[in-house]
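Take a look at the structures below.
Shared chain: chain A. Partners: chain B in the first complex, chain C in the second.
So, the complex of A and B:
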């Protein structure tokens, strides 16, 4: 059919000699207008009919990009056809006004709006639609005559580049895929390395202007041959100050980024100083809002809460539609730039998060690093902060770029430092284990949802690596290793590492289950099985932890003691270590909650709507499929869950109250954690949950099932993942 | 199922020999290079793939052309878009490429 030339077409209108269509039709061809023909054909078509060729596929056709659809067509032309046209039209004049006072006001507005754009970008929108909606940034060279604007835009560009580099190095951006997309944006310009000195020069000038306007006489001004910032002497001081805090914030923020980038955490100390300066400059910036609002002309209708500038004025020189086609392949989403106030709040939070990262002692103990990351995630840090943390933790495949992963593992597995150069580290499975540890650290730095998904997946890898190491061990030493432990370092190495891998695997499983609460992935009808699963995983974790403690003490004490003395010592000294008791307390709570929920269900006290879509077994599979696939723990199945909960009833529960146990343990071990405020706070929370649940259980069992007005619900008001039963009379 | 039904409908429609002349002529335009102009000033050049009763056009391997100035003549920017659907509501012009001979034969009418 292609290329058929027939007389039929001759009836189309006379071809337009490329009038109105500036696209050349090619050699020896012309454009023929077929609109009237198509209109006629459409009129003759029946409803639902199409004109199409043999290769037509309705399904494929449905994936066509719809032109002029705001959600699909990123090229829609709104106001201007191009940046150049916008500039010619006066959308971004330099200077922003010939009135110096207005120029200063407008420049401050541009600075504020850029800050709001930057925060919006950090929060997950594309750079093209946020920071680079600024026409001045898109054509930075135009501003060279305007030192203030030029230096500010330049440092913004350099900052964006630095942030992109951190985030793409950390590869945390996979969770926010838009973040590092910079295609087509003028991000690389000359002279950005000088941005700080330019900023410094401008800052110097303005601080002299500030001093001059504060001086009692105009003598200084004459002396220094200084031109004032703008013409209105009443506003001079306010404007100078407003500009200074904005410029200084940029300077310090850029310093924060560059110092944090220094290898092996060497710049963290310095970064903290700059972070403190950043925060105080932001506070000055916030306080400058009032004077800016009062001094600008024009009306201030509407709330400052949703304005993107401190003055409340609309900034000039921004058009997000100009380059939204650069944000391809994603469709341009309609985005709302954060308000200026929200942006400042965002940056203060970011700086606090960065400060937490910088103040963490570079401790090579993996356990404390993992604990730190988990604690850090509780404050829900945003992408940029998490990327910084990740890059600090893993550099060149080493912890903090200093400690080789094998050495870190050795330490975590409680082996002596002397073994860190042992040949075992060259084994394939041990190398893989090192990769898993690095991967785990990275995964823990990602956002909750992404993290949970990845944790679930890496559980299998940990299981596999465990099996591989075990096999390597067997291969080397046979089934029954008859070699004395004292003599053979390798045996000890293997045993310690295996134990540690198991413990770590259960730790990951535990984190995976607990994250489900934070992400609200469980429904009331699933709490029982979730707590049961947490209970079985915690038991394993406690078992491995206590075994590890025994093994550690074992190797520590043996030196220089005869065997007979040693046996006596163990019997005398053995106390359950606090870390295990801590887990014990959580185990009691999980078990108590499992039994309570099961009893409530069995006694029909808990109003649960049965899901019409899936059975309890199916839900069990859906929730724990990844754990089951990795055999964590071994031999745990749905039938075991049913078996252990089906007999639960309230009368038995009161006789044996798990919550009382939990409460007692929590009280007992508090003294062991007296110098760990985080653990103490956690214990207090556990204690509260135990106490409340114990009381609730009593109330329920006393009123009994015969009181239908009793309503039991569960809330997370004392602990984020251990629920508290609330009893109400309806 | 729905897709199948729709396709049979289309098959039936296209195998129908007694279709109107305009439809028949429009069918001859399939696979030719088509240039469609739309309201906001852009043009799309692609292979004519499909048109429906409402006048919505699908082009294959389409390239977008946009002027960089509102005032013409102006330099053009272009980028590839692939399969696109141009709703009839935003279409302002529609041309197909044809040879000079065709045009001459056209003039002879």
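So, the complex of A and C:
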């Protein structure tokens, strides 16, 4: 390996002697001077060589630093060696200026920059290099004489702690491990529990100052013996207002966090009120920008778009390089702090996301919870919002900290409430199933990239638990298990749960495949196999959903009827439920796209370059490895895919147009979902995809084969995962 | 952190990703003989190291110590290639291979072609050479990471048969996501260690699924 020299043998294994109590030479040890040996070894070493052991690996190599290389040497890029040195140098004076007007301006700048830092932290950078680049925050006690700065910094610190606690509790931070890294930061200080009362006192004072300056005479001021905020009377009102909305935002935001933390979602209603207040205070803050910009003496050039303060001035009291040595193991980076405007936008988005969470009615049905989480994720919420959602959903191993997981499963499997105390829940496989459900809820709250990886892995667990429950069932009831015996509650429990587990497994598989589109993991040459796989999984999902509906109706209707009558009823009454038709519509689209893509390939209208190293088969194995490993669905293989697509040709496709079927179903079932705006919107999207693809198919088949100038491409302009064919003449 | 979890950028020949400055760059005109003017050289020893380091330092954002370079080129010199034009080193690829969770896996660590030489297939040539050696050395698959915005690199690896196996959230320190790209080699039905590549290619039959 690199730079290994004969000097390696020169490593001498002697303990470093403690200066106070030298270890005496004994029978087994003797002191020897190794300096000449080291000197000799050093002469052998050239620049860039090193002595290393066998365990020197890539990680060790990557961790090596080159001293005085500005990209690597964190010591080099610092302006100050310590916070104290920065303070001595006057980098963070208290007050920020002896001119009261300038002091207020600068304090507002510090507040704004801190907000920008906080948003940057939420967006995935380390706390040390964002919020804690603030020297005032690093030495909070220094600001005790400056009530405004002190109370603001204190509430910031308390807020950071509260946010870290949510994210750590939720363990969503595994995906973004920088977030909760607080090593070496003064995050725990005395008196933070009083931060709200301190903030309140300051807010009171400024409110009075505002009232005083708006009063027609100086009467009020004299009466209350009130000192104005600063010296320039023309600016007094603007500054008071600018400070008030900033302080109030902090107050309400802190309240949002504490209310949402209350167990079993008891604080959600209160949190919503504070969220509304936060948003309106942020809007005031935004509108204060103009007056701040016009009143500052600083430079006005440059666009506000990339400034970190509302005034456009550089804030004092910040030095990101002070902490960069704490941000190990990564090399120090210059972090680009979000602009103040972007930070405000971030917080408004965060608050809207939190509001969506708080307005969820804590529905005990697992199906609606899963639906809610999936819909919530569509707005791409950031880590903090997702962590809040997760903590709300899973507390103490219960849904909302309230409903035991077995009860949730019972409901999901369409079993009567009376079975919720059944002994079956003590069985190991059922306990495991409960853990899988909790885990699934947590995974669905993580970011898309992480979520897909985890979903792929848990598929196998769901499959295994299914097999285990089935085995437990057979063990208990022997081969008679197949005979339906509705007298036996346990049999029914097992059957329902097994059916539900299967359905849920296909639901996860579907989500896994669809997330691949959202994450842009598929390329055009793989669309055909991906749609085919979605098609086979959807068929299974529809099958299980349909079976479940039958079973549910079964339990409902059977009571008090003779078996023969019942069978007749089913035959007469059975209508395909809307949920199944909805899946049917997606099945038609997936099948249509599979066949269209296969036909385009077979008819040589989509030219795909051949890889010099592998074939479609290897790409199939890789793309669906996790599904195949878990046998989802059974008996699905590459050869089946080839078999189903190799005959596809455009002329046949027009004869049987899957898109027309999809279009028809979408139209038909709209009325069944008139109370569900999200489903309706989805149906409209599916309808559009079907319509456009049907037209495209016709155009291609009429002109296509003879027309080499016709170019077909696929776009996601109508639906995030069902593509629309676009035909152009080149 | 996995061994491969090293963030690094890969800039590619199209220059489409990573905000390659566009119009300012003067493109080099190769004569009609084109690509044949480019000479591809396997890593030959310490004298090549400064050339590789110069290219990578210039084009990629991540800082690598000299030990990182040596780690790769000393252990896998056969996987490191350079492209020369008129005596000037204009591109390089640096790789490794080894056991990873029960598979023998190749890994493309750095791939650089300097801007004036992009769009001429040099990166494809470089990386194809490395992959070929990996295949002949018994690798079952090859992986790497690339920025999601680096369309040029993604297209190049797509043409070579790589799939996007995972998306890595904010993988790079600049906050950009990465794709983990993977290329699976066809598996011979009876894999004997001594079997030659020519034989493997003839056995194009359905393969058993991985367990």
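Going forward, the second predicted complex is superposed on the first by the 650 of 730 C-alpha atoms of A that agree within 3 Å, B and C clash if a C-alpha of one lies under 4 Å from a C-alpha of the other, contacts with A are read in each partner's own complex, and residues count from 1 in each chain.
Criterion: a contact is a pair of C-beta atoms (placed from the backbone, for glycine too) under 8 Å apart; a residue touches a chain by one contact, two chains touch by 3 or more.
Small disclaimer: the values here were computed from a predicted structure and weren't measured.
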State whether A:53 touches chain B only (first), chain C only (second), both chains, or neither.
first
After the superposition on A, what does A:85 contact: first (chain B), second (chain C), both or neither?
first
Should A:708 be classified as contacting the first partner (chain B), the second (chain C), both, or neither?
neither
Between chain B (first) and chain C (second), which does A:361 come into contact with in this model arrangement: first, second, both, or neither?
neither
So, A:629: does it touch chain B (first), chain C (second), both, or neither?
second
Which superposed partner A:61 touches (first chain B, second chain C, both, neither):
both
Overlap of chain C and chain B interfaces on chain A (superposed complexes):
1-3, 48, 50, 58-61, 64-66
Chain A residues touching chain C in their complex are 1-3, 48, 50, 57-62, 64-66, 69, 71-72, 123-125, 175-176, 330-331, 333, 447-450, 452-453, 519-523, 525-526, 609, 611-615, 617-619, 621-623, 625, 628-629, 637-639
What part of chain B is in contact with chain A in the complex they form?
3, 6-7, 9-10, 13-14, 19-35, 37-45, 49-55, 57-58, 64-70, 72-74, 76-77, 79, 81-91, 93-103, 105-107, 109
Mind listing the chain A positions that touch chain B in their complex?
1-12, 14-16, 20-23, 25-26, 28-35, 37-53, 56, 58-61, 63-68, 75-78, 80-82, 84-85, 325
Given the complex with chain A, which residues does chain C contribute to the contact?
1, 3, 6, 63-68, 70-71, 74-75, 96, 128, 131, 135, 148, 158-161, 163-170, 173, 175, 177, 179, 182-186, 204, 206-207, 209-211
